Each structure stands twice: as C-alpha cells, then as structure tokens.
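Below, each structure is written out as structure tokens.
In what comes next, chain A is part of two complexes: it sits with chain B in the first one and with chain C in the second one.
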Partner chain A sequence: MLDSGCRVLKGRVILRLLLIASLGFVALPALAQAQAAPRVEPGVVYATPGGWFEAAMFYVFGGLAIASALGVCVSRSVVRMATWLFFALGAVSILYFLLAATFLAAIQLIVYVGGVLILLIFGVMLTSQSAWVRFTPTRTNLAVASLICVGLLICLMSVLAGTDFGPPSATSIGTPVEAIGRRLLTHYLVPFEIAGVLLMIVMVGAAHLARQEKN
Partner chain B sequence: MSQFSVPWTSRYLPSANVFVRNMLLLSALLAGGLIAGAAITRYYFDGHPLASFLLILGPAVTLAGLLGLAVAVKAWRLIEASLMRFAFFILIGAVVGVSVGVFAGALFFEWIQALITHPANDPTRFAYFGGELMLSEIAQACPNLPRLVHGAVWLFQFPLVRDLVNVGIVFGWINVVPAYMIWWERKIAGRIQSRLGPMRVGRWHGWAQTVADGVKLIFKEDLIPEGADKPLFKVAAYLAFVPVVLAFVALPFGATYVFREMDVALVFILSMMGIEVVGVILAGWASNNKWSVYGAMREACQMVAYEIPMGLALVLPVIAAGSLNLTHIVDSQTGGWFSWMAFRNPFLFAGFVCYYVASLASCKRAPFDLPESESELVAGFHTEYSGFRWCLFFFGEYAAMFVVSALAVILYLGGWHSFIPPSWVSGLGEGVAARAISGLLVSGPLWFIVKCVFLLYVQLWLRWTLPRIRIDQVLYACVQVLLPLTMLLLVGNTLWVWADEAWTSSGWSGLSSMLNWSLGGIGVLFMAGFFAIAVYGFYHRRRLVGTLVIDPLPAA
Partner chain C sequence: MLAIGLIHYLIIAAVLFCAGVFTMVTKRNAIGILIGVELVLNSANVNLIAFDRYHGKGAMDGQIAALFVIVLAAAEAAIAVAICMNFYKNLVTVDVDQGDALRG
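Moving on to the complex of A and B:
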C-alpha cells in the first residue's frame, strides 16, 4: 500500500460530508412546507409552492431519479444496481415531499428503501456464489424485458397524455394523515384488505418454504 | 509536567518577538478593517445595516476570533491550569449557559415573528427574500437599542437566516453528543470493570480524550483495500451517517424547539433509521472481507426483523394519543409523572419495555451488537475502515442511539415535561421570568435532554453488564417473543383505549386510574431504587476495589 502512495485525508471527506448533509438540510425545508402548524413560523417563504426554490429542487431531484434509474440499467454488479436503486427511490420520495405528500414519501422510504431494498441486497448476499455478483442477461431475457418495458411505456404515455395538468393551486397543502387513514378504512377498505391478505399469503408461503428446507 | 500540554505550543510556535509582531499586525488589520468598513458603509451605503454587517462585523468577528485563538494558544499553560481546576464547574456552567442561551434565542426568534405578524405592519408592502420588516419599524419597536442591533433584528427576519442558525445548532449538537458519549461510555466501562477509563488528556478525568481521538482519526491514513468496490466503499460511510443527521430535522427538543414540525414526524424518523442500515450493509459488502460481509449480513437480518416489533411498539402511544405528530403526542402527556404514556395502562407499560429492547437491537447495541462483535468478527462491517470514514460510523451510531432514546422519551416518558404537574407552578403569572421558569425547569429542552441522557446511560449500562447473545438467539427473541408480544399489546391497547373512553364517559374510571397509579408507583420505585444505588455507589466510590486509584497518576 505504501508505494502506491499514502493518502492522508486532508478534510476532503469532511468537506463532502458537509456538502451532502447541507444539501439535505436545504432540501428538507421544502418538504415540510405543508405543515403550517401554528407553533412554527408560518410557512417557509423561500419554499412556497410554485416558487423558484421548489422548481429548482424538482429539477435537481427529478434529474437524480432519472440518472439513478439509468444507473440501475447500466451497471453490471447487482449490489451497485441496488445502490443506484437506493438513490432512485430516495429521489422519488423527495419528489413526493415536494408535492407535500409527506406521509407517502416517508412510507416510500420505509417500505422500499428500508424494506425491499435491504431484502434485495440480503438475498444477493445469501445466494451469491462468487464475491462479486455479475448480472449477465441472455438475449431472450433482454427481448422479454424490452417488450414489457415498451408496453409499460405506452401505458404510462397514454395516461400522461390524458391527464389535465391544471395550474398549481397555492392553497393545496397536502393531505393530513388522519384523512388518509379515514379514507383507507372507509372508502378504500376492500383494496386495503386485499393488500393485507396478499401480504399474509406471502408470509405463510415464506414460512412454508423455510420449513421445507429444514426438513 | 509538560507531557500533556498541547504539543505545538512549545515546539512549533514562533518566538515571542514574532508572536508580538503577529499580534500587532492582526490588531492593525482589525482596526484598519473596522475603520475602512465604517467609512465605506457611511459614505457609499448610507449606513445600510446589511452592508455594515458584511463590511464591519464579519471581518471584525473573524479577526477577533483569530486574535483570541492565538492568545489562547500562547497562554495555554495558564488556561490549562484553570481548566483542570475548574473543569467540573466549567461543564456545569456551559450546560446552564447553553440552556439559557437557547431559551433567549427562542424568545428572540419569537419576538421577531411577533414583529413580522404584527397587524400594524402593512403586509402588501414590497417584500424581497421574504423580508417584510423595514428598519424604521424595528427602530420604532425598540428605540433604545443601537442601530447595529436593529440591523441584526432585520437580518433575522429572513427564514433562510434563521434556518441556517438552526442548522448550525443541530450540527453542533450532533457533534457534541457522540464526542461526549464516547468519553462517558469509556468512563462507565472503566467503572464497571474496576478501571479508571481515560484519565490523562485534558487532565480532569480525561475529558478531552474524544477530541484528541478525533484529531488523530482525521490525520490517519485513509486506506481503501485493494480488492474493494471503491465507489461503494466511499459512499457507504456517508449513507450510514447522513440519514441519522436528517432524523434530527423532525426531532423536537421542546414545544417550539424543533427544526421542522412535521405531520408525520414519527414515520419520517423511523424511515431515516431504516435507511441507515443500507450504509452499513454496503460498507460490509464493499470491503471485500469475509468478516465485514458476515457483519453486514447479521445487521441486515437483525434490522429487518427488529424494525417490525419496534414499529408496532411505537404505534401503541400513537393510538393512545391519536396523532403521528410528535409534538401533539407530547402535549397529550402534560400533567406530571402519572400522565406519561408508559404509566397509562399495562399494555403501554409493556410496550415501553418492548420498544426499548427493539431499539437496542436497531442501533446495534449490546446485547445485540452482533454486526460488530469484536471477539468473532474483528470489528464487523467497519473492519476495513480507517480514519475519518471509520469515525463517521461511530458518529452515526451514537447519534442513532440518541435518536432512539429521544423517541422513547417523546412517545412514552412525557417528552419535555418534567414529573411536576404544571398546575403546581401556574400561579407564577405570564412574565418573562415565569416563562423562563416554566420553560427551563417545568417543561423544556433541558428535561428532554436529561431524560434522553438517562436512557442513554441505561444503554451503556446494559452494554457493559450483559453478555452478547448468539445470532440465532437474537432472531428467536425477535420473531418468536417480541413480535407476537407486541402484536398482542397492539390489540390489547386498542381495546383498552376504546373501553377506557366508554368507561370515562359513563363516569366509571376506577380500574384505569387504579392501574395508572400502580404503574406510576412501579416507575417511582424503580427510579428511587436507581438513585439509592447510585448514591450508595458514589458514597463508596473509593471502596470498589483495593487497587482503584482515583488521584492523577504520578509522572503525569
């Protein structure tokens, strides 16, 4: 290691750390704009809906989401893919924060980043044979995947074309959690229960598989 | 004697003449800058407050700081002697000063807010960068203060400026907490193992040990293993630290002492604690070392398992309070010791214990510190890390310990309310003195921090008392004990809240109040026993072991 050059850290890491953390702190005021609770200062003025700050944040994090999604497609190592996926999911959740959908954003972080992503990495670690897992798709895989993706793209584009984007209303301050909870337990009770049953089946199946392996 | 003074004071500092010359130069610069800045603001900007800040106060503060630092380094021997003698009182004074300063700052911000929203101000006036106050209005509001103070008030009306100040406070807190907790943990470990712990750096019980360690770590070589996945190896350290910092965005220290009050603060903090794991797992994976990968795998399965009982245990007080907003949850616990969540009903009491166990596992503390168990895995996921990157993992871990303790305090132990019911001090009135008493002593960030520090102490205490358990025992404890238990508690608590409402409305609340008093009594007994043992231990502190030496070591 010595002849390849001793590299003594001269504040580089600290500087980058401060940059990342302060980026977070600059972004997060925008996300909390919806909470015009009486105790805190009424509204963060540089983060008003439709303002330049929000627009800048949207372009930054939208760009990050797209770039990370491309990174998922391009990288070969499965763990690097997961890392790119982490950034993509995080950027999407920051976009939710910008839309004042704080509950959805936090749930996105818990479920996808804290749950699914970790399970993904965990699965790779448990099943991998070599130290660096490479992802080498065959041509059939590529063809099927591109077919599905094109179909999905057509669906999304048709939805996008049919959507009427009205002007941003200055009064929309997001949905409080209570309203979401009431809606889930009254208006959307059946889908909610179906999702619960699905998760239950997954859990039973997982327990069954684990049991079979033991015997 | 000189062995433990700051080394560069004696060796690397220029001689006295050069020092005096430098001091003179600095002073001349300071005076010249002040005069020039005053002249420029007077003639070109017509005494505009922002210009005077930029031109006079900024350079003046910087130069004065440099001057003070140079004098402090030169006079280190004097300072060192007084530091050693009065270290304890300096510590206490700093704590009191910081609390009073934070309180005064809160009053100042509130006053500015009142000025901005005052109905006499014309809201339709041209407002740039969110500022709405004119200098003349501030001068009207406080005519006795000098013009520079008016400028400061004017500057602080911008939310961006106030946010920057608050971010500085949060960053400072995140730096101070791990530094002093590491020192404290080493002292406690020493006591429990009949050692002294750090005793030398900084003289008074080694109080500067962590600072010295930090300086050492910054100057260490930054090693990246040959076969490591370099980008991931670098990214992982940040990913383990930054989410914990972000958790402090929504963490309230007091009714108004919160960076951003969020509707979903609890879910947000939980999500941040969940993200932290990704950094740890990536660190283990990218190191290309089997011990690291083992540590990362253990961390992954432990975290995925323990997040569920932790989340379920956190839902109990949410159901009892009817809100995800942490401030509202604390507001529902006003009224002293017996109205704290943990003593409301037996399910919440058990839920507090479950949460505490799960939180130990979620921040990798003993007896659940399998991911970094040093007797089996060298150091687990951070085996290959060195220098400042290694430091980041520890900052993240200790800050996460503070966050989980803070959540326990907010959700179960009354948050920033003291055990005194606020009705006892309601006769004080509404003046600033009364507000200071109720804001500092009856409920306020000081109480919050005291409770958090107590829970942190319990974490350290458990770490140095309990043996580490095996990984299959860890998972057994979660999946087969904690998970069913918290689910039962969830159902029981929901039924209890529902039944309690019915009982209270029908005028029959005997059972619930009896249980409330007896659970509170258990808590009182626990604290009384704890303090009795602590006092006994302090009184007999020199009798622990025959060879324990308290006095500073010879040849120091």
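Moving on to the complex of A and C:
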C-alpha cells in the first residue's frame, strides 16, 4: 500500500516536471510573436497570422487535451482521473497561451492546476478508506451515457461545420495585464465586487460545512 | 489545414464538453463528478477565449468572462469538496447512488 503510494507520488512529480518542461516550449512562440508583432499602439499587441509553429503547437497540445479528456472518461480510479485532469488542464492552459491570453493561461495554471486539482486530491484522500476504491457504473448506464454524448458531439460538430462565423476581426487583441485590470475595475466593477463577496461567502461556508462537530 | 482558426478551438472545446458530460453522467464517485464539471467549465472557457481572440475587437470581454468562470469554478470546487466530506461523514462512502435519503 505504502509502496504504491510512493510510486504514485513519484509519478506525479515526473508529470509535473514534464509539464514545466513543456511550458518552456510555450515561451518560444510567445517571444516570437512579441518580436514579430507590429506595435502600433503602446501596450497593445496586434494579431499576427500564425505560422507552422503555432499550428504544430496547436495540434500537439490540442491532441493532448482531447486525449486527456478521454482518459478522464475511461479511467475508473479517481486518482487516475485526477492525473488525466491535470494533463487536460495543462494542455488547455497552453492553448490559452496560443490564443494570446497569457494572463488567463497563468491564472489557469495557478488556480486550476495549483488549487482546484490539489483540493480534489485532498477530497479523495479525506473521503475514502483507500485511494484506489472504485465504483463501477452499470452497463446500461454506460450505454445510455455514451449514446447521449456521442449524439451531442455529432450535433455540435454538424452545427460547427454548418456555421459561418465570418472573417476574424483584424483588430487588436489586448493581452497586457494592465488593460485587463483597468477593464475589470471600470467596466466590470460590479461583477468584480460581487465575485469578491461570493468568494468570502464560499470561504465561510466551506469552513462551516467541513468543520468537525464538537463531540 | 496549417492556418489555425476559430473552428479548430471550437472543435476541441466541443470534445472536452462531451467528455465532461460523459464523466458527470457515468461516474458514481462524487469527486469524479466534480472532475467532469471542471472539464465542462474548461471547455466553456476555451470557447470564450477563442471567440475573444478571433472576434473580440480588442474589448477583452471574453477574457474577463473566462476570468469570472474560473472564480466561480474555484468557489464551486471548494463548496463541493466540503459537501463531499459531509456526505462521507454521514454515509461512510462517496458513492452518490447511496445518497437517496430524500427520495419520495
């Protein structure tokens, strides 16, 4: 039991190192884009047509995201699911980098990979006698669910294939954090404050829900 | 094929969404259902940011909406894990099929 736990821990360390190493590659297109982009207005990066490197990065990490999502679907043990989710979240954050949303990508890594995933692992630890406990769904459940999901996917794909989104707007894409912060504190001030109140309520509520009853 | 456009990201988001829905429907572990919810929220975020990049006109509305989604997802995960712990305290399992005390 202890031995398998150690192996899992070592595996997770290796996974994390792999993700950090892959993040090094992400810096390359970002740097290339920063140099290639004509700076018409200070502080605003303009969209440039993507080259082969962007396409390669997209196919590698988009494929990784899809494969990890399917891994979440098929794995039975919840620890395996969490590991696959880790890969999926990391790949999606790299897609955010490719979409020039660098701040969102960093937030995705910090909040999801660093926070929510750890929370889920703690949840697994605190709510089972063994981390490898598994509940198998019935065959009918699986059949109906896969029927519904494949149908949904086919519907979505046919809608996407039949929709013309028009030419992409050739305007700027605002990536600097300063612009996001300015927008957040002017145009989106009320939702921002409501989100702050919500987070406080959640903090108190979670502490209340999870506390130990006295004797 | 080489030029990555909006549609490529939308396809990835659609696959992530369907995988998340499948996970939510089939898993009986409460934490597993939470993982499915996270996948669904992530696919919505990919959509928001892709539309912001290709049709956003520089207003960053999509990015800020995605930011709020991330905030809500973190809050939801915290509450849901607390609920799972209470569930476990009461039933000594996290199998959601066992939590049928409220059925009519």
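Keep in mind that, in the parts below, the second predicted complex is superposed on the first by the 121 of 215 C-alpha atoms of A that agree within 3 Å, B and C clash if a C-alpha of one lies under 4 Å from a C-alpha of the other, contacts with A are read in each partner's own complex, and residues count from 1 in each chain.
Keep this in mind: a residue touches a chain if its C-beta (ideal position, glycine included) is under 8 Å from a C-beta of that chain, and two chains touch if they have at least 3 such contacts.
Owing to the predicted nature of the structure, the values given are computational and were not obtained by experimental measurement.
Visitor: Considering only touches as defined above, state whether A:Arg183 meets chain B (first), chain C (second), both or neither.
Guide: Only chain C; A:Arg183 stays clear of chain B.
Visitor: Looking at the overlay, what does A:Leu64 touch: chain B (first), chain C (second), both, or neither?
Guide: Neither: A:Leu64 stays clear of chain B and chain C.
Visitor: Look at A:Ile107 in the shared chain and tell me whether it touches chain B only, chain C only, both, or neither; answer first, second, both or neither.
Guide: both
Visitor: Considering only the touch criterion stated at the top, classify A:Ser146 as touching first (chain B), second (chain C), both, or neither.
Guide: second
Visitor: More residues of chain A in touch with chain C or with chain B?
Guide: Result: the larger residue contact count on chain A belongs to C.
Visitor: On the A-aligned overlay, A:Thr83 touches which partner chain: chain B = first, chain C = second, or both, or neither?
Guide: Only chain B is touched by A:Thr83; chain C is not.
Visitor: A:Gly115 contacts which: chain B (first), chain C (second), both, neither?
Guide: Both chain B and chain C are touched by A:Gly115.
Visitor: Look at A:Leu209 in the shared chain and tell me whether it touches chain B only, chain C only, both, or neither; answer first, second, both or neither.
Guide: second
Visitor: Which chain A residues are contacted by chain C in one complex and by chain B in the other?
Guide: Common interface on chain A, chain B vs chain C: 44, 103, 107, 115, 119, 122, 126, 174.
Visitor: Can you name the residues of chain B that touch chain A in the complex?
Guide: Residues 109, 113, 117, 129-130, 158-160, 162-163, 167, 170-171, 218-223, 226-227, 229, 231-232, 235, 237-239, 241-242, 245-246, 249-250, 255-256, 258, 260-264, 267-268, 270-272, 274-275, 277-278, 281-282, 285-286, 288, 293, 296-297, 300-301, 303-304, 307, 323-325, 327, 387-389, 392.
Visitor: Under the touch definition given earlier, write down the residues of chain C that touch chain A in their complex.
Guide: Those in contact with chain A are residues 1-12, 14-23, 25-32, 34-36, 38-39, 42, 45-46, 49-50, 52-60, 63-64, 66-68, 70-75, 77-79, 81-88, 94-95, 97.
Visitor: Okay, in this complex, where on chain A does chain C touch?
Guide: Residues in contact with chain C: 44, 47, 49-50, 52, 54-55, 58, 62, 65-66, 69-70, 72-73, 78, 81-82, 85, 88-89, 92, 95-96, 98-101, 103-104, 107-108, 111-112, 115-116, 119-120, 122-124, 126-128, 134-137, 141-142, 145-146, 148-150, 152-153, 156-157, 160, 165-166, 168-169, 171-174, 179-180, 183-184, 188, 191, 195, 198-199, 202-203, 205-206, 209-210.
Visitor: Per the contact definition, I'd like the list of chain A residues that touch chain B in the complex.
Guide: 1, 6-9, 11, 13-14, 16-17, 20-22, 24-25, 28-29, 32, 34-35, 37, 39-42, 44-46, 77, 79-80, 83, 86, 90, 102-103, 106-107, 109-110, 113-115, 117-119, 121-122, 125-126, 131-132, 174, 176-178
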